[in-house]
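In what follows, chain A forms one complex with chain B and a second complex with chain C.
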Partner chain A sequence: MIRIERRLTEARWLLVAVPVGSLIGAVILSSVILLATGHDPLGTWQRLLDRGFLSEGALSATLVQATPLLLTGLAAAAAFRMQTWNIGAEGQLYLGAVGASGAGIALGSQPAALVIPAMVLAGLVTGAAWAAIPGVLRAVFRTNEIITSLMLNYVAGLLITYLIFDSQSYWRELSTFTSRVFPQGKYLSAAAGWPSVQIAGIAIPFGFLLGMVAAASLWLLYRSTRFGFEARVIGDSRAAAHYAGIRTRRKIVAVMALSGAFAGLGGAAEIGDFRHVLDPRGLQQASFGYAGIVVAALARLNPFAVILVAVLLGGLSNGGFSLQGADFPAGLVGTLQGLILFCALAGELLVRYRVRVQRPRRSPVHPADVATVRPA
Partner chain B sequence: MKKSVRLAATMLAAAALGACGTTNSTTSTNQPFKAAWIYVGTAGDHGWTQAHDDGRKVVEQQLGTAVKTTFKENVPEGPQVEQVVEGLVRDGNKIIFATSFGFQDAMANEAAKHPDVKFEQATGFKTANNLAEYFGAAEDADYLTGMALGAASSKGKIGFVAPFPIPEVIREINAVALGAQTTHPGATVQVVWTNTWFDPTKEKQAAQSLLSRGVDAIGQGQDSPATGEAAKAVGVKWSGYDSDQSNVAPDIWLTGTVYHWGPYYVKRVKAAMDGSWKTGSYYGSIGDGMIDIAPFGQSVTQAARDQINAKKEALKSGTFYEFTGPLKDQSGAVKIAAGTKMTLEQILSMDWFVQGVIGSPKGG
Partner chain C sequence: MRGITKRFPGVVANEQVDFEALQGEIHALLGENGAGKSTLSNILTGLYRPDEGEILVNGQPVAFRSPRDAIAAGIGMVHQHFRLAASFTVAENLVLGHRDAADRGFLLEPSVIEGRVTELARRYRMPVDPGARVWQLSVGEQQRVEVLKTLYRGARILILDEPTSLLTPQESENLFETLRLMAAEGRTVIFISHKLEEVMAVSRRVTVLRRGKVIGTVPTTETNPRELARMMVGRDVVFTQKKQGPARAEREVILDLLGVSALGDLGTFALRDVSLTVHAGEIVGVAGVAGNGQRELAEVITGMRRPTAGSVVVAGRPVRPGDPLTAIRRGVSHVPEDRMGTGVAPSLSIADNLVLKAYRRAPISTQGFLHAGRIRTNAIELMRRFNIAAPGPQTPTRLLSGGNVQKVLLARELSSRPRILVAASPTRGLDVAATDSVRALLLEAAAAGVGILLISEDLDEILALADRVAVLYRGHIMGVVERQNARVEELGLMMAGAA
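Right, the complex of A and B next:
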């Protein structure tokens, strides 16, 4: 009989051994698939690592992908830590992009020192406001926030499509001939472009720096503040928190808004750092909000681990595109990426739980024993 | 994403051609010349992307071991495109084709960074010394497809599943309606917008909503053949787009607008190899074979085939052009006077429906 039981204490060495073990497991499993499909496993892994992380400029490119993943990962981690299931980071990111690009257009002629903080603020506020909707519904009417936050993603997707394709909105460019031929948003002025910091030849986007600050703040919030303590109590047992006199309703709305603010900042960074225009199609194709849930899960909701996992997933995504080709289909790349994630999550289970094999008793027993010791 | 915006093609092409000179080629004798394609969808989508990938295969067949082609599929529009291009350049690709309109900004940035690599952008309008544009006039074939739809409809009620309310799609629908009205006078074309190029589920739902409203022939301008699947369930004849999609529902297949990108790709890769590559805005047509209609399905009558083939010849020889007045808008007011041909700029920014189209050219 095989039983999975929770470990009472998590051994330190497991925290290192299990991730290494799951990585080896992923390499072995996917090598089998690569060999079976007639590809060279060693060369494939080398290329994935090289193009994702090691080659010149690879890390700069990886950070471009990692920036939105970091922020949506933090969004998921912030909410999940309190067992509040905000699945709406996708839509909150769109709204953050709407807010930030709106601020960028409105203040386009102002200096960067004014425009950029305004864009950051607008992203935070719009994302938080969008997330507060399912938060309030949860707190007041006890609706299931998984459903409401998920449904609002579709609403947000339709909203940004409407702003550019179906209306003459403030965000849409209407003056040029080109924009009459194909609908597009207004491009932001150069002052609204966020700077990037060069460290050791790696271009670190401003949004990524903000994400690191956000991660540290989230860590401090949950570790050293009364707010964080109460949120953790609510997460562990809502009933206990209630009896202790913690105001759970307010916390739910506040944590949802905080989560949405991170996702909204992710949308603002997409606009300020990379796109410089509200691009409904590109944002929806990227699905950073859903990927953020994976980031948070792999990071075990630890904000600092979210940074690391976001960079890993960003590199995996870039490296994956470099593998693709006429004889290397996208589906195979997806299988490799999926195996790596699957092994990592499965290994995660082993850190917290142990598998115990219990053999049924087969040795002859005395009738007296049977009476007193029944097999479990 | 693809499509659209074939800008004031002639003006830009002229400017670009004037500004650019020949760039030297960097082919060596032993190494194969490397060419790459970037797709927004999957190579096997039975539609837009597959048409381009078929073109890539034509390059491989015709140029053999002298070239090595590759492609990247499912590339999301936005910052990821630049990284994909960087990877392709690092792999030694010397010409890169991007087949979605939404790739354009990234292609323009990368073209500026890598002057020794040739860039080609389908359906866009930005050009540079090493960035060219290409597209085809689908409306010619759409008119012929419309004729097949009109002939197949007994009530004259045609449905059309359309992506975005933009001029490229609006003129496609207008061409279908005008074609249908020649084979079925008074025919109407009812439009449903999906707001997506490629989303089989949405496309199928849109087709089903049209079919439930009683249309008895259905066309589409989407990247997938999902409309055919909806039509198959109720046995209504249908037309396709981008690639020959007859195998989805062969019994009720009429025809469809198809793109043949292969000859253009071969020509451009060859030019890049021998150093004669020049930038420009190429606008293919039914006359040069970039645009055509797919082979007729068995359900198209001989009379309709003859009528359509005759019109096709007239389009090819230039004795007929579909957007010639008198053209009336939805309210019945004359928009283009009798005998007047619409200008290129009017066509590129067309934002009104012809008489007989049901739906709003503003979407919704």
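Right, the complex of A and C next:
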């Protein structure tokens, strides 16, 4: 008989062993699929690792991919730690991109020292404002923030499409004939392009540095501030927070806004580091906001672990781009990435539960013939 | 039941338990909370399977795969928390999930069933209207429906889990009368309780459980409450009692409720025009059957619930309604009924829970930042002073026993130097040792001048600690009596609304 039991204590060694084991499981599973489709597993893994992390410039390209993942991961971690379910990082990232590119266009002729801080600020504020909508709805009308924040993602997607494709907005390029026929956004001036810092031959994008500062701030906030303490109490028990005199409704709005600010900064970084233009299709295809939820879950909501996971997933998707080709369909790349995520998330179960196999004992009682899950 | 053992992850709930009950006997199962009484009865009713041991009914070994098997073997259980469908009638509840000759295929025959119910109710002196809907009934009536349900299903062995916890003294006496009738006609009654007086009054034999093991089985006539208490706890028990209270007239009025009314969670009035005073150093007990406005009373005083009328005055200044923070700042401490979840944040550490209210002020925090070192020293100091047994200050509070959680709560609430303490069922579910230390802490606080409003369903506790007793019935204060003039019968009548 197989039982799944909740572990009374979560052993520390499992926190390392389980992810490693999951990764090995993922490699084995994907290798089976690669063999079945007639590809060389070893060569594929080598190419993925090489293009994602090891080859010349690979890590720099990976970090560009990782930056928005890092920030949307932090957005999810900030909210989830208080058991507030902001699923709207996707839309908040779009809005951050709108704000940052708007600021970049408006201040295009100014020096970088002015433009870049303005873009950062605009990304933070627009993202926070967009996230505050479900926050206020939750606090005042007790609507479910999962649904409202999710729905606002679609609104945000339509909004950026409208700005470039269906209107003659401030963001749209209208100066040339081709751009009037084939709509596109205004490209930012060189001053609005974010710099990167060279460390040991790796170009670290400015947005990634901001993300690391954001991670450290989030960690400090939850660990040793009054604000973080209140959020932890609310996350653990709303009733206890009410009892202790904590103003839960204000807190929900504040934490949603904080979460949205991180996602908005992710959108700003995507514009400043990479795209330099408001590109509705590109942003929506990347779906960094939803991936951020996975990042936060794998990092167990720990801000520093979010950095690590974001870099790994960034490398996976960066390496995945280079795998694609005539002999290697994009769908297969997605399958491999999906399997790796699936195994990693499934492994989480083993950290909290253990599987015990019992031999039926001789007793007048019938052994159970079904697996039973009994939380302690 | 022979050699029953049941393990849960981390605990052995029953260890080699032998238990037998004879036909026509009322057999009490006595033990503290966590002694394994509920586990044993859940095994007997087929909810759990034992890891070891066997069950024999009328000499035949049986194996219950589900509660249905146990019902078929003639075993019926009345749970502490009723399992009734509130919007169904009494008769419908009785036939729910039960098949017999009265049900002709798909359709129910209300008149046949109701006739039978009336007959059963008359025979066992448990008056109840078979056509009434369960939500309309009082708690005592609902319990009668539960008992009738087991009888209707032909139970020969009845298990009652803490059946008097929601009843007034008079209702309990009526229940005992019914149980005696059932035993007299050859049914077996297993009566689970931790109240010694009841056990002495109703049972013929008593089996005492302690930490999952049987300590012994004794005939009631050959024992006494003192011996049973010693078996139950493992040592002699002397409960702390309140000494003569201070002269009240000279003391300051610390809490004044003026015509307070409030709605309950269902939007109906839970408190109606309640006026009550508590003086400094005085313990005022609020007695009443559960669900008569106790929780709402505590919540209104502590600002957790907004009253619809009236005012709450603490030490001469009105408290802003519906704002827990101002109540905390005025010196209102609160030990809530729901400890785990409301009184403490369960996953947070002991240290964090000890500053759950003090985190706002220096020295715990300054300029918005917490001082981890001071939180830690505060925890170590309080854990020592209040004898909190735990591996360390960083232990998650949910891992503590009920008694230690309550000590964490009291340590926090009393160390903030309150003016008034609202304590709701402060010893419910605690073992004897923890109960005694909680009571001692309350008395110590009162001696130091804290006014205490002690809300409890345990009349014995109120009579042991309070200077005055107020009785709450359907949100009304039925009366306030001095402790030395209080008689249990009189209080019982007030608790039932008759006075």
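For this structure, a couple of remarks:
In the analysis below, the second predicted complex is superposed on the first by the 353 of 376 C-alpha atoms of A that agree within 3 Å, B and C clash if a C-alpha of one lies under 4 Å from a C-alpha of the other, contacts with A are read in each partner's own complex, and residues count from 1 in each chain.
Definition applied: a residue touches a chain if its C-beta (ideal position, glycine included) is under 8 Å from a C-beta of that chain, and two chains touch if they have at least 3 such contacts.
Values in this document were obtained by computation on a predicted structure and should not be read as measured data.
Of the two partner chains placed by the overlay, only chain C lies in contact with A:Ala240; chain B stays clear of it. In the superposed model, A:Trp13 makes contact with neither chain B nor chain C. By the touch criterion stated above, A:Ala286 is placed in contact with chain B alone, chain C being left untouched. Once the two complexes are laid over each other on the shared chain, residue contacts for A:Gly325 go to chain B alone; chain C is not touched. In the superposition on chain A, A:Phe229 makes contact with chain C only, not with chain B. Once both structures are placed on chain A, no chain A residue is touched by chain B and, in the other complex, by chain C. Contact residues of chain A toward chain C in the complex are 5-6, 8, 224-227, 229, 232-233, 236-237, 239-245, 247, 361, 363-366, 368, 374, 376.
Contact residues on chain A toward chain B in their complex (touch as defined above): 51, 55, 57, 61, 64-65, 161, 165-166, 177-178, 180-183, 270, 274-275, 279, 281-283, 285-286, 317-318, 321-322, 324-326, 330.
The touching residues of chain B, counted against chain A in their complex, run 1, 4-8, 40, 42, 56, 69-80, 82-84, 86-87, 90-91, 101-102, 125, 164-168, 195, 348-349, 351, 362-364. Considering their complex, residues 8-10, 49-54, 61, 63, 65, 302-304, 323-325, 327-328, 334, 336, 338, 341-348, 352, 356-357, 359-360, 365, 368-370, 372 of chain C touch chain A.
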